[in-house]
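Several structures are given next for inspection.
What follows is a pair of complexes built around chain A, which joins chain B in one and chain C in the other.
The block that comes next holds the complex of A and B.
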């Protein structure tokens, strides 16, 4: 029973970070139609920003959100209005654009990864953070896990409120559901796509900052995060925030269960097993239309 | 050609897809306050012409002039803001939003500097205008087709257009719904909005249009009042198949 509780709570803590990663990827693909292979690199970038700022200045890692989020948003937004906008313009249709955009994002993946690697090396990095335990239902839970879960939940709720209540959020939802119809109603679709690509980066930065509080990371961790995010987006249903959150928790708990009972090296292959079953049983994802 | 009379003018419009010419050197004018029908067999280029006007496709040749301004290079959102609204052949409502939210999107984004309060008022007004009040709480995909098409009209109307382009609004409707849709089109025109409509339902097109233009293989083959079009031998040959 204790083991199950431990898996549940730790899985949820990891899952909440996965949910942020997946929400970011889903926003980028759902609206801007870019399956961003470099998504994980921006998670790693934010993680290193947090690591450097926190270890050098002693600033609380959570405060690093205020540095990493605007920075990664700006980089992503600029990448869209320079690179991707141009690629979209020269692609004859959206199908071709999606293919080209994947190739471009592969390029960004290598560039960002190499830049981080050349300045930070390939060794795993971590710092001690809230190492003391909480006792919940008879098991000891790291305080950091609870902290990360709470912050991630706040970000998820804030993002949902943003999407449903603000003017920009409404135009993003409309653009995700039907870009043509949205543009016809006066929504500036190219601008929305750039903003959504930026928001995807911002959510990646949130995930990156929170990851530093839980587990070691290195300059080559990025592609693993991207892979997990892609799996969760497929699991949860494309473009669905609820799906990303649900999928994130499922994968977080499944990942912890596999590491506990089998071996953590099987985690990704087990994730893919889940996806293969899902694609046969419910191809549109758990919350997909 | 008086710019006061013609609100929208297409001049020598050509659109090619690879080797296929979908619209070939089409010129037309839309007179302020009229209902202009656009007919032609499937694949005649009607929807392509609509897509060129609304900015989804850029015409390869020719110009569209809206209220004296050339609009060819504008994006759809700018064309919407200028006052050109449209609907789609297959209703493109936002499925995850309620009927009211759909209409509100048009009200909120269709005009610049729209306040929330003003958008709410416009939304209610538009919903009442098209007669959708009783569907306020119903999910869009659960509504009958005729009502889904009506949402699209409402959404376009909420952007406060000067011209509305309706793409097969009556396709798939039963006779009672067609006559309701015809009443709505007349009501829209009577409210001061110029109508350009693609339609296959002959009864509707012949009774409500002031003028009709006919496309065939991308070319404009006839233009005139409904009776003239119905008796035009060329039109009967290529399109009506001698039925009328």
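The block that comes next holds the complex of A and C.
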């Protein structure tokens, strides 16, 4: 019973970060139609920003959200209006655009990953953060896990409210549903796509900041994050934000259970097997349209 | 037989092509006899990259389904060599590796290629990482080792093996391009619905083509790892190896058969040089990739093609396009 509770809580903490990663990717794919391979690199970038700022100045890592998020949002936004907009212009149709966009995002992945690696090395980095235990229902849980879970949940809720309540959020959902109809009704579709790509980066930055509080990371861990995010997005349904949140928590709990009972090395392999079954049984994902 | 005649005999260009391949093959056969020890190894690596990029282009360039599974097949070939290499001669291992890659490719194709769109790319993207972690776990739990030693072969022997794999792949692809099978693939890439309407079994064609394109990657993996002498999951299943063929094919131009070869040769020589001189080589490759997609969507070969066409006809002829 204790083990079960431990898996549930730690899994949720891990899952909440996964949910953030997947939400970002899902927003980028759902609206801007870019399967962003470099997603994980922006997570790592934000993590390193947090690491450097926190260890040099001693600022609370959470405050680093205010530094990392706008920065990564700006980078992503600029990437979209400079590169991806041009890719869209030279691609004859959406299918070709999706292919070309993946290739361009590889290029960005190469560049960002290598720049981080050559400036920070490839050793794992971490710093001590809320290292004391916190007792819930008879089991000890790292306080940092609970903290991360709460912050991630707040961000998830805030993003959902943003999508459903604000005017910008509504135009994003409209653009996701039907870009042509949305642009006929006065949604500036290129602007919305750029903003969505930026928001994807922003969510990646949130995930990156929160990861530093929980686990060690290195300049080469980005591709692993991207893979996990992609798997979750497929599980939840391509382009569905609710699906990404649900999928994030499912994979978080499943991942923690696998780490406990089998081996943490086996985690991504197990995720992959889940996806294989899913693609055979229900390819559109849990919440897919 | 008719097909062979059509591709290598009927027109003047076909004869030149056949002669050129034959001449290159014969010339390469004699290289180890007059060169030192290093050139065969260097050329073997170049041909490995060429094989990876032409086999990648055979499926992905034609159909537009971007495969990122190359590293997985390449690595499976390496591991097969490590496991059974001691019991069999090199040629048999290479054949078995090709068969293994074919089988795994077929299975993956059956799962993912029934679906259209992005699922295939997504699934193949993480395949190398999946196998990497799986082998880490397997070795950690069952064999309690990390990595294995591989039986080493003479560099010249590996050179001949890779040369044969490369030439066989190239000839097979040239033949298939003109066959009903290759034309159905091109048709799927241009318009999958139309392909279905004119009676192409799209799923079977895609799955089979993907499996065929996987086989050479397994074969060269099995051959090349015996020059290294050691294999572990991180070496065999590097995700970067999946991106290389894509980069080479785009760089050279993936709409022709020879574009990826040109791309692979330039890529390997450049990589060899940059690895020795700078540690920013991935930044350079990333930049090249972005620039090529944006500026040269048809690659170097496409650029040369359109320049020749411009000279001959006085305008920039659009060779490839939707029919």
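Just a few scattered comments:
Simple rule for what comes next: the second predicted complex is superposed on the first by the 289 of 289 C-alpha atoms of A that agree within 3 Å, B and C clash if a C-alpha of one lies under 4 Å from a C-alpha of the other, contacts with A are read in each partner's own complex, and residues count from 1 in each chain.
Simple rule for what comes next: a contact is a pair of C-beta atoms (placed from the backbone, for glycine too) under 8 Å apart; a residue touches a chain by one contact, two chains touch by 3 or more.
The shown structure was predicted, so the numbers you read here are calculated from the model rather than taken from an experiment.
After overlaying the two complexes on the shared chain, residue contacts for A:181 are found with chain B alone; chain C is out of touch. By the touch criterion defined above, A:100 reaches chain C but does not reach chain B. After overlaying the two complexes on the shared chain, residue contacts for A:171 are found with chain B alone; chain C is out of touch.
By the touch criterion defined above, A:35 reaches chain C but does not reach chain B.
In the superposed pair of complexes, A:227 makes contact with chain C only, with no contact to chain B. In the superposed model, more residues of chain A are touched by C than by the other of chain B and chain C. In the superposition on chain A, contact of A:114 is made with chain C only, not with chain B. Residue overlap on chain A between the chain B contacts of one complex and the chain C contacts of the other is empty. For chain B in complex with chain A, the residues that touch the partner chain are 54-56, 75-77, 80-81, 85-86, 88, 92-97, 105-106, 108-111, 116, 155-156, 159.
Chain A contributes residues 167, 170-171, 173-174, 177-178, 180-190, 289 to its touches with chain B in the complex.
Interface of chain A with chain C (complex): residues 29, 35, 37, 83, 86-87, 90, 92, 95-96, 98-100, 102-104, 106-111, 113-115, 118, 223-224, 227, 230-231, 234, 238, 262-263, 265-269, 272, 275-276, 279-280, 283. For chain C in complex with chain A, the touching residues are 64, 66, 111-112, 115, 117-119, 121-123, 125-127, 129-130, 133-134, 136-137, 140-141, 239, 243, 246-247, 250, 279-283, 285-290, 293-294, 297, 322.
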